[in-house]
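Same chain, two partners: subunit A is paired with subunit B first, then with subunit C.
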Partner chain A sequence: MAGVTAATAHRRRAHGAFAGRPWGVAPTALLLLGAIYCLFPVFWVLIAATKSPGELFSTPTLAFGTGFFDNVAELFAYRDGVFWLWAANTLIYAGGGALLSTAVSAVSGYALAKYRFPGRNAIFNLLIGGILVPAVVLAIPQYLLFSQIGLADSHWAVLLPQILHPYGIYLARVYAAAAIPDSLLEAGRIDGAGEGHLMTRVALPLMVPGMVTIFLFQFVAIWNNFLLPFIMLGDDQKFPLTVGLFTLLQAGANQPALYNLILTGALLSIVPLIALFLTMQRYWKTDLSSGAVK
Partner chain B sequence: MRANRLGAALAVALSVTCVSGALVSCGSGEPAGSPEAAPETAAPQGPVKLTYWAWAPNMDKIVKVWNAANPDIQVTVSKQAGGDDAAAKYLTAAKAGNPPDLVQAEYQHLPSFIAADAVADLKAETAPIKGEFSDGLWNLVTLGTDAVYGVPQDSGPMMLFYRKDLFDKYGIEVPETWQDYAEAARTVRKKDPKAYLGTFSSKDPGAFTGLAQQAGAQWWSISGESWKVNVADEPTRKVADYWGGLVKEGAIDDMPYFTPEWNKALNDGKLLTWPSAVWAPGVLSSNAPKAKGKWAVAPLPQWNAGENFSGFWGGSSTAVSARTPHKAAATKFATWLNTDQEAIDLLVKEAAIYPATTKAQSALGEAPAYFSNQPDFWQQAATVSAGARGFTFGPNVGVTYNAFKDGFDKALQDGTPFSAAVRAMQDVTVADMRKSGFQIAP
Partner chain C sequence: MRRPGRGAWPYLFLTPAIVLFTLFLAVPIAYTVYLAMHRTRVSGLGLGKGARREVFVGFDNFAAALADAELWQGWLRVLGYGALVLVVMLGLALLFALLLDSARVRLARFSRIAIFLPYAVPGVAATLLWGFLYLPSLSPLKAVLDVDYLGATTVTYSMANVAVWGGTGFNMLVLYTALRAIPRDLYEAARLDGASEVQIALRVKIPMLTPAIVLTTVFSIIATIQVFTEPTALRPLTNTISSTWSPLMKVYRDAFVTGDLYSAAATSIVIAAISLFLSFGFLRVVRDRAFREG
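Moving on, here comes the complex of A and B:
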């Protein structure tokens, strides 16, 4: 999102103040460079996934191989299709976790933005502090805690820690403060709406674009998360794709490393993410236009 | 590499929780007796259910055979990622109180499991099978003590893999001593300035450890209640300086193993040898498929002509968790898996391991497909295996191995002597053991 708005801002400036000056293209060039920098690894995975094991290390880096469909077939056949199980697990973790996390974030963000109550700032500062603590640091303490309550090595062990997401709450609060006019809530109260009614009928619909952002952030974060499920889960039937593919990478020395399967698996595992972003994009467009109403 | 850094991070995080002791009591602080002493229930209700963490391929198929024959002891395999991370994960699980009943444990990680009271002593149960293994291997699961902490599963005696076609082309004899190897390295440089005889990897402490073992190194030993640490002993310094000299004069390359550029060099015939372990055919067939049938195997070059020594790179055992309530059943399974003829046949065929029992080693028949040009592959391996000498690993091999990577990376970068890196390994290892409360004998 930041990239999109930044790009439009730059374009506007390029057409305005700097129009006609030769170095006006510099920002665009810089952004293009950034885009290439970000997209090249994806492109590399795409190419590498088409190579058969024999071609992987012997053909030029950017030459397409001939083994893509063999790789896919082999990946789906690996251990009786365990790839699909891992993909389903990932979907449960990422989809369920992101939905729950968005719900929690939206409600808490709304409450923090629109209600004045003792301790509000304290809670908010605590959350800001929470943003500064990387989730990686918490993984092992969380594992020990979950072990004590007997939930380690269960789906909950991966889902629950990712529901409370300080950054999501922070975003929701900022968004709610900007997107929900106080006067609208006042009008609702005068019309006799209860607080619960206000939240579900007035506030949350206005927050949808912000919630989509939080959902996407959280979905991608959980989809890519490695350390937490790696530590939490012992049962390989509960692994998400990240941990599952890692078992292919570190398969021990006495079997050929399954690079072609790992690369194909990595490629296939980003396809849903790309699809999600493409379909969710239109909500961001409403985000930009809805700001213009005022 | 990322994986290894992750392992280190896990280990660090673990030791931090140990120091603070906030959530769980750690290591020796906990009375190890209680879980172990829990008596096997006299009349078990239903079958005993065991979980087993392993990374060897197709272990689930092998376990299926056991489950069919033993309805009262049902084992579930959970395939894990192997390597240092697997060890860190098992230790974490053991400390949190929910480890699996059985675990595949690499020999070098077993001592850290023992130090954390994470694996059970199987002395009584394994007494009848002791004779199946060579003393060198058995030593790796006893650490030279009276206890037995696992059943050896596979082993990785080191051999010299070389490109037979290119050796013939350049007129190089298979080196019998390391002096010959150095000469051959110089010859290769003269014949083809783009090719190297070999490379020294600063990322693979396991390989260096094996070469040090071949030279007779003894990095750790236990005397009474305290540890003797001698990572920078004379044989190790000799090995380090030998490779350091070759790298410095440019006779061999310094790229790490298992990297894309290394794979490429293997494929393109720019690397002529790989001092590796018996499992190398698996690696070569996936990383250098084009060179199939062009490689051959010979014993490692010796330090003194006429000797017949080797070291170990890799290999693992099956250990039983100290916390399992079903120790007898778990041990029964571990024993079956690693000594029963049917199980070993399956291990060789399905999991592609080099079995640990002496009898099985000499019974291996057909050479790996990649080495179809060398029908005596397994006989060579058995001969080498007989002369392979290991050493007792210490409780903090991970720290030592990380010190290896740091030290040798730096030595390669700055061109400083390798023996200095070995001394740094010694210092880091001792400091870490002191910090963890081990007694160090002078």
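Moving on, here comes the complex of A and C:
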């Protein structure tokens, strides 16, 4: 009986493959359309950034221009090289913030996954509940509180509020639960290792792949954040690239002569993230419980 | 000296997270609530010390926010924009995830990476790229569809396109990851029963994906209601976007341009309440339906 069903199914599938030739390529074609849609603006700005101000309006859209290096030089000279400062600030905010965030998430996730203690669920729910609090409720009071202690418009005002990340804690907990065998911790305890020692020498090394994922997500989130630095900062020497680009756009939107500067700035501010993203492909996961078993 | 027992360690590990939670979440929330229930009263001519006092006004600011016509217009705009973004973005994310998961697709890796790529582009940069693509003087899109992409009615669609472009990849990845976790033998069983790939997608995969679809929808609702970056970054390029286009933009204007922190706090709580209401409402609808069907 089973053999008959399988044979029918097989025949049907073979039949489908012949009759449905156009259908066979449809999924691939749809996905490629999606890919083109997603790549097009990036590809366009790559070309636009190579054009001199004159070429931008006169040459065909998809023809490379001759002004790329002039554009870059002009951008780096803009207001005494403020673009460099924006890039450096972004690196401080995103790099430093993501490092601290990963550390806090990993330690919290490990504690929540591997210890049984009163209040465990309450603390977990409280920390995770933070994800439901809209950023808008936080940004204004955070600004006011920072200005009361004289730290608004400082690097700290952008760095500190972005360390706690509910999703990071959630991922770390899931990863710790899957990647750290209880038996290993017990063996360590029998050997007389302290809890702090167990965390730094046994647990955290096992959590490194998960921590890379958390770092990447947080790095991108901080790099892309606009609202918080926009509200906190007034001094353009402390701007990250997002806010810097916005001020560049505000200054140049009505002056077509500045368009090439803005487009080059946009290109240079997305290149590092795209590079990071392509080189770290295998760490971009949203489900860490399956990744740990491999 | 006695070493602390194992009981104290998890709390020690969780201390950084709890301190950050208190400083950057709990205190700001409490402060917002406080501000939302107060207002400055000016007595006499408003001169001299003590002429301006902060007084408790209960729910007056909330009543004012709910009666504010400008804010309502913002809500209507965001409702239209949000519905469009949610349906198209999540629809495409689901379609792409299902296509990637079907065995017949070629170049799947390339498409997956390309569609996820916009996730690495900051919202400001994405808006800037598309904004320039919409500009009549530069637009290669004119060749596709000759309309004013930044006109009074078209601007909503143009902005929705930026959000769809930026958000589809991440949601696709979440759904795709969830799809990969479904046991393959379920499909084999359906295939033996003669189900086609499309039937398997509709009858097996989508029902199994429900939790992931619900999760992505809730987070997309929260993010969409708080739309700020796209309209703010598009403003320099067109005069069709007012400074109060979205509710969050009005909060920003109240707080930092008009200097009315009390109204801003009340409005931000209203925004938070509405986004939580819609998220939980959505969860409820989904749960009720699941129960009825089960």
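One rule holds in what follows: the second predicted complex is superposed on the first by the 223 of 294 C-alpha atoms of A that agree within 3 Å, B and C clash if a C-alpha of one lies under 4 Å from a C-alpha of the other, contacts with A are read in each partner's own complex, and residues count from 1 in each chain.
By our rule, contacts are C-beta pairs under 8 Å (C-beta built on N, C-alpha and C of every residue); 3 or more make two chains touch, one makes a residue touch a chain.
This one's a predicted model, so the numbers in the text were calculated from it and none came from an experiment.
Shared-chain residue A:L132: touches subunit C; no touch with subunit B.
Annotation for subunit A, partner touching more residues between subunit B and subunit C: C.
In the superposition on chain A, A:Q250 contacts both subunit B and subunit C. Once the two complexes are overlaid on the shared chain, A:A172 sits clear of subunit B and of subunit C alike.
Touch criterion not met for A:M207: it reaches neither subunit B nor subunit C.
By the touch criterion defined above, A:L39 reaches subunit C but does not reach subunit B.
When the two structures are aligned on the shared chain, A:L75 is found in touch with neither subunit B nor subunit C. With both structures placed on the common chain, the touch criterion links A:D153 to subunit B but leaves subunit C unconnected. In the superposition on chain A, A:A49 makes contact with neither subunit B nor subunit C. In the superposition on chain A, A:I222 makes contact with neither subunit B nor subunit C.
Annotation: subunit A residues 56-57, 140-141, 144-145, 227, 230-231, 243, 246, 249-250, 253-254, 256, 259 touch subunit B in one complex and subunit C in the other.
Residues 3, 6, 10, 13-14, 17, 23-24, 51, 53, 55-57, 60, 78-83, 85-86, 89, 92-93, 95-98, 100, 154, 156, 260, 263-264, 266-268, 277, 279, 282-283, 285-290, 314, 351-354 of subunit B are the ones that touch subunit A when the two sit in their complex.
Interface residues of subunit A facing subunit C in the complex, by the touch rule stated above, are 5-6, 8-9, 12-13, 16, 24, 27-28, 30-32, 34-39, 41-42, 44-45, 48, 56-57, 61-62, 104-105, 107-108, 110-112, 115, 117, 120, 123, 126-127, 130, 132-138, 140-142, 144-145, 160-161, 163-164, 169, 194-196, 199, 220, 223-224, 226-227, 230-231, 241-243, 245-246, 249-250, 253-254, 256, 259, 262-263, 266, 269-270, 273-274, 276-278, 281, 284-287, 290. Across the complex, subunit A meets subunit B through its residues 53-54, 56-58, 79, 140-141, 143-145, 147-148, 152-153, 227, 230-231, 234-237, 243, 246-247, 249-259.
For subunit C in complex with subunit A, the touching residues are 3, 6-7, 9-11, 13-14, 16-18, 20-21, 23-25, 27-29, 31-32, 35, 92, 95-96, 99-100, 102, 104-108, 110-111, 113-126, 128-133, 137-138, 140, 165, 168-169, 173-174, 177-178, 180-181, 191-192, 194, 196, 222, 225-226, 228-229, 232-233, 236-237, 248, 251-252, 255-256, 261, 264-265, 268-269, 271-272, 275-276, 279.
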